[in-house]
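Shared chain: chain A. Partners: chain B in the first complex, chain C in the second.
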Partner chain A sequence: MSTIKSIIQEICPQAVFQETENAPVQVRLQAAELAKLLKPLREDAALQFDYLEDLVGMDFGEKLGVIYRLYSTVHNHRIIIECQAESRQEPELPTLSHIWAIANFYEREVFDFFGIHFIGHPDMRRLFLRSDHVGYPLRKDYDPASNPLKLDAECLPDDTSVYVDHDGKTQIEGHTLFEKDEYVVNIGPQHPATHGVLHFQVSLQGEIVKKVDVHCGYIHRGIEKMCESMTYPQTLAMTDRLDYLSAHQNRHALCACIEDAMGMEVPRRAQYIRVLMDELSRIQSHLLFYATFCMDLGALTPFFYGFRDREKILNIFEDTTGGRLIQNYNVIGGVARDLHPDFIKKTREFVEYLPGVLKEYHDVFTNNVIFRQRSKGIGLLSREQALSFGITGPTARASNLACDVRKHNPYSIYSEVLFKEVLYKNGDCLDRYMVRMDEIEQSLSIISQLLDKIPQGDYCAKTKPVIKLPEGRFFKSVETARGEFGVFIESRGEKYPYRLKFHPPCLPLVSVVDTLASGNKIADLITIGASLDYVVPDIDR
Partner chain B sequence: MEIRKPKIKGLPYEEFNDNEYIETLRKNGVGVVMGNLDSIINWGRSNSLWPLTFATSCCGIEFMSVGAARYDFARFGFEVARASPRQADMIMVAGTIVNKMAPVLYRLYEQMADPKYVIAVGGCAISGGPFSKSYNVLQGVDKIIPVDVYIPGCPPRPEALLYGMMQLQRKVKVERFFGDVNKKEPKNCRLPEIRPEEKPVFASKYQDNE
Partner chain C sequence: MFDFSVVTTWIDEGLRGIMPASGAIAIECVLIGVLLLAVYAVFALVLILAERKVCAAFQCRLGPNRVGPWGSIQTVADMVKIITKEIISIRHVDSFLHNLAPFLVIIASLLAFSCIPFAKGLQILDFNVGILFMVAASSIGIVGILLAGWSSNNKFSLIGAMRSGAQMISYELSIGLSIMTIVVLSGTMQISELVESQNDLWFIFKGHIPACIAFVVYLIAGTAETNRGPFDLPEAESELTAGYHTEYSGMHFGFYYVAEFVNMFIVAAIATTVFLGGWMPLHIPGLDAFNQAMDYIPSLVWFLAKSVVMVFVIMWFKWTFPRLRIDQLIRLEWKYLLPLNLVNLIVMVLIVALGWHF
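Moving on to the complex of A and B:
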């Protein structure tokens, strides 16, 4: 802790530190100082912050700024850096994209929502909204009426702008994305292989992919802005609709964040129920992955197999929660209602049933020659790339990057259960598939450990009718089926959050498509996209 | 003169008949030969409605569930999900439509061949649903394309989806094919109010009709 402080103080004498117990170092920096600090942050042997966890744009009221959260996988320490731009009219901050690759997408998102220009960023375009959108929606003074519905097709330009610093003056330079004679194919936004409304502009040379430009935002619903005018219990409903296949886990993250901020104790029974539900939804999500992944590779039978077994989990969900896909089950303080009397019996039947089926899955598909050839060695992602792109979840674990939040930063009762963190070494499509299949077995083991031990007691703690959080910044992350899902709340002591940011696990996944697909054949792009298993509403929020 | 009594399995005729829309369709009457030809063609059309695989969010997963073995919409002739709008008979708008997606949806609808039908699935497609206060969400797809059947829910259960699809079959069965559906002009398309300087290029033909 003190070494981090002294190193930073040496480089940035004006840094303001904020002391809190049992919390990572918090520091406030000037924009010019941040630019000096970036390289040492990544490269200094005592710091080595190799993983940019999140980059949260903020409207501080008078000024705009960004909160960076960095983590070091070498030293296991964390730092939170706050940096405000000088002027509100033309806010400017230095870019991080040359050091952490994922900053490229995060900064485009902040530019889109807050209008902050990042000096030196190679591609300063909007990420989610239309290029002719007026204003920046997450600023507090944004007027929604300024953007009526437009029905003309959006024109996608072939070039982009770069903000460059010339002796203290910012200049805009042009930068070409696609040359005039390049052969560009559009995949999406309406295409069965993109798993939702995602748009790839793929530059081709013959059959080889040269470059993939990803266009997001076809399902950007403005959830974060809506949450700012909602009470805390109301915001819960939004999380289920982000990554609808990890509905329980997303909601778990937000509930846990609010509970931590309030200092509330969750009953043991509720924690057991939450973890059971989390693991069940992880299994159903991976089963759906199996179904769609195989379907994208041309095998239709596994689609029916996967959905057949997924329905069994949905039945269990439905008994207890009343919902199939979106359950609205976790509430602040616990869960909405007690377990159905048949829950334990049905779940145990399922836990006994699934291993046999998994063997069948492997017999039918995993050892198929065509599948092996199409997935082995395709879309290689190294451990360093995974770190730099901020990738978490099964995709990172296929590249031998241990990042399971359940293991390394245990929440709820995960520290009390035994399970193995599944790691694979190659980082190709086959490994990403295998990680998920093996994780199903680990989840089954967690469920069977917990089923016998569910304690009696309350399933929900009593809460006040109006929930207010104390002033401060709160962060909580959980492991969803796709990676680390984080919730950041800035509270100013009211019953509405001042800023609520969801950190989606899928945005890093889609940012890496270009790196993975370049140099491969266009058919492999489909395999790669399917093996990453992103959910588009989670990217766009 | 009464046109005909469509036979639908599992739905009593009285219940089927209790529908104002059918009354308006039957107002004009139809000849014996044409009426019988209509019923043959409509029987075929209603039992082979090909949906476009179009899903933006959560409802799309339920749409996939309906396609899978447990609910199996192949029983009703919906199994040929097409990825191209040119080959599809109906579009199931499953999920939220945001402002950036609206022109794409509009274009997809335009690209479909007549006769074409629209089902709005879920709260988002009907009215914006839980996101109706958002700055970027279209408040219901019926603002840009005409909707035949609305299926409420968030997301609707697969049974609800099946019921909604069967409602569409009912609608197809009572339509007049010759002289009406086979010559359908896109005149019932309601366009949103667009500022004059931003008038979309392809909207002109609708404005002439009105």
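Moving on to the complex of A and C:
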């Protein structure tokens, strides 16, 4: 920790450090100093922050700014950098996108919501909202009345702007995305293969994909803004609506973040139930992945197999939680109600049933020669790219990037169960598929380990009627079926969060589509999209 | 064995007895035309129902089971619905070509359909280059598909049409060559003679190895020719939404749909006729009692039973395999099937010349 401090102090003498125990280094920097620090942060042998975990836009009250969270997979250390823009009227910050590729999308999001211009960013467009949106909604002084409901179609511009620094003065330069005579096909927002309302503008040359431009935000609901006016127990309901296939895990993250902030102890029984439900969610999500992946490749029969078996898990969910897709089960301090009496019996039946079915899956689809030829070597994602694009979860593990939060930063009772972190080497579509199929087996093993020894006791700790968090910044992440889902809470000691940021695992996944699909065929674009397994409500929030 | 030509000659003679020959021919043409259309439509309905049932069985579902016993008149209800549906006219399209395209597809399919020998003496078109005519007629359909893609003024349609152009023209070669292999063996292109000459043994047994290879190649190419999975790239749902018929609605879409199903039957029927003896019962030289017993089964039943098996196999492909990619599809044809076929043809020529067949 001291080496990090000394290196940073050498480059930026004005850096202000915040002293915290057992927490990552927190530092506040000026915009000009941040620009100087970026390269050393990534390249200095003692720092090597190769993974940009999150980039949170903030309205600090008087000033706007960004909180960066960086992590080094080499040294296994973390740093939190806070940087405020000088002026509120024309907020400007240096871009990180030339160093961490994922910053491209994160900074567009911050520009969209806070209006901060990132100098040198290659494509400063709004990411979620319409290009004719007035104002920046996550600023505290935003007036919703400035944007009456628009019923006309949005015209997508073919060019973008870049903010360039010329001797201290910022200039805007135009930049063309698609030339006039390019053959641009719109895949989405209504398209069978985008798995939701996502829009790819694809430039084609015959069957070859030249460029993919992603448009998000068709189901953007402003969940983060809504949360700012909700009490903590109310915000829980939002998490299930993000990645609806990892509804339970998302909620686990938020509950755990609030519990950690309050210093609350969660009963053992509740932790067992949470982990059991997490793993069941993971299996049902991966089964759905199998189903849709096969369908996108044109094999329609396995689609039904995946759904048939997923239904069994949904029935187990329904018994205990009352919900199938959205369970609303985790609450602050534990879970909402105790397990259904049939839970253990039904779950054990399922755990015994699934391995046989998985073998069938492999027989009918995995070992099919057409499938192999269509997925092997397609959409290669190297480990370096995965890091730079901030990719987590099964997609990263297919590129041999060990990033399982359950393993490397265990939460709840994951440190007590035995399971293998599935890693594959090639990073192609086949490996991304295989990782998920193997993870189903690992999850089954976790479930069967826990099923026998669920302790008796309370399923929920007692909480105060009004939940207030102490002042500070809190962060918690869990491993969902798609990757690392993080919750960032900035609390000012009230019963509402001052800022609540969800770190979505799927936004990095769509940001990499262009890189993976360019130069491949249209059919490969679909295969790549399916193998990334993104869920659109999680991207849009 | 009952010969259907008895019926047709009786009608013909009856008509000629009461009117001049030209009148009789005119009435017969109308009768045959109406009959052909009716049979075509019935086949399409039955096949669509069969596909839905078969697909449901593969996918652990029940399929249609509400309208009529076991859902048997579901497709009739669907037909009534699609006929009454509005045909939406689209702006900015070449409306003449757009409206013409589905008719080209259905005409091609109908022409090929009329060459099929359903039973002994039950065949509409039969002349000395019948099988050649059949292959040629069925390939007119590609023009309709290309026109549909081009005239729709839709990028997905155009990509679908280009794919289908590349695919169907390529696989036409394999179909032609594998049928050619059998033509070499039989020495005739007339469909009725092709069937008759399988009296002693079906061609797939007569021509043994090269015939079996030709059969497999024909089945692959035939599936590709009908744009069915795993070769359904022109309408790849997850890639091109609906491919070349994206912009079609109502009965115009229905024509493509019906043609696709009947084309599947035509492919199965050609496979039956050329390789599996058509309506000819299973005859094994030397077993006279067995052959006579086989003759008691009507020829129509023989033909339909064999075709149904072939149709089932083609459906089986579709509901099992994932879709190929366009470059793999073209590679399969030009690098593997075509050379194999050419070599196979030469082998067949040698076998016939040396008399090594049964």
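Keep in mind that, in the parts below, the second predicted complex is superposed on the first by the 541 of 541 C-alpha atoms of A that agree within 3 Å, B and C clash if a C-alpha of one lies under 4 Å from a C-alpha of the other, contacts with A are read in each partner's own complex, and residues count from 1 in each chain.
Basically, a residue touches a chain if its C-beta (ideal position, glycine included) is under 8 Å from a C-beta of that chain, and two chains touch if they have at least 3 such contacts.
Predicted model only: the values in this text are computed from it and were never measured.
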Clash-or-fit label for the pair chain B, chain C on chain A: fit
Which superposed partner A:K521 touches (first chain B, second chain C, both, neither): second
Which superposed partner A:P148 touches (first chain B, second chain C, both, neither): first
Contacts of A:F304 with chain B and chain C, given as first, second, both or neither: both
Chain C, chain A and chain B - angle at the middle CA centre, rounded to the nearest 10 degrees: 50
First (chain B), second (chain C), both or neither touched by A:Y496: neither
Touching partner for A:F60 - first (chain B), second (chain C), both, neither: neither
Partner chain in contact with A:N368 - chain B first, chain C second, else both or neither: second
Which superposed partner A:P192 touches (first chain B, second chain C, both, neither): both
Contacts of A:E207 with chain B and chain C, given as first, second, both or neither: second
When both partners are placed on the shared chain, which of chain B and chain C touches more of chain A: B
Touching partner for A:R130 - first (chain B), second (chain C), both, neither: first
Lowest inter-chain C-alpha distance for chain C and chain B in the superposed arrangement, angstrom: 5
Shared contact residues on chain A - chain B and chain C: 191-192, 303-304, 308
Partner chain A, residues of chain B touching it in the complex: 53-58, 60-62, 64-65, 68-70, 83, 85, 95-96, 98-104, 106-108, 130-131, 133-138, 143-144, 154-155, 157-158, 191-195, 198, 200-201, 203
Sites on chain A touched by chain C in the complex: 183, 185, 191-193, 204, 207, 294-301, 303-305, 308, 364-365, 368, 370-371, 373-374, 521-524, 526
Residues on chain C engaged by chain A in the complex (per definition of touch): 55, 58-61, 155-156, 159, 163, 229-230, 232-233, 236-241, 319-328
Sites on chain A touched by chain B in the complex: 128-130, 137, 142, 144, 147-154, 189-192, 196-197, 217-223, 225-226, 229, 237-238, 241, 244-245, 288, 291, 303-304, 307-308, 311, 324-326, 536-537
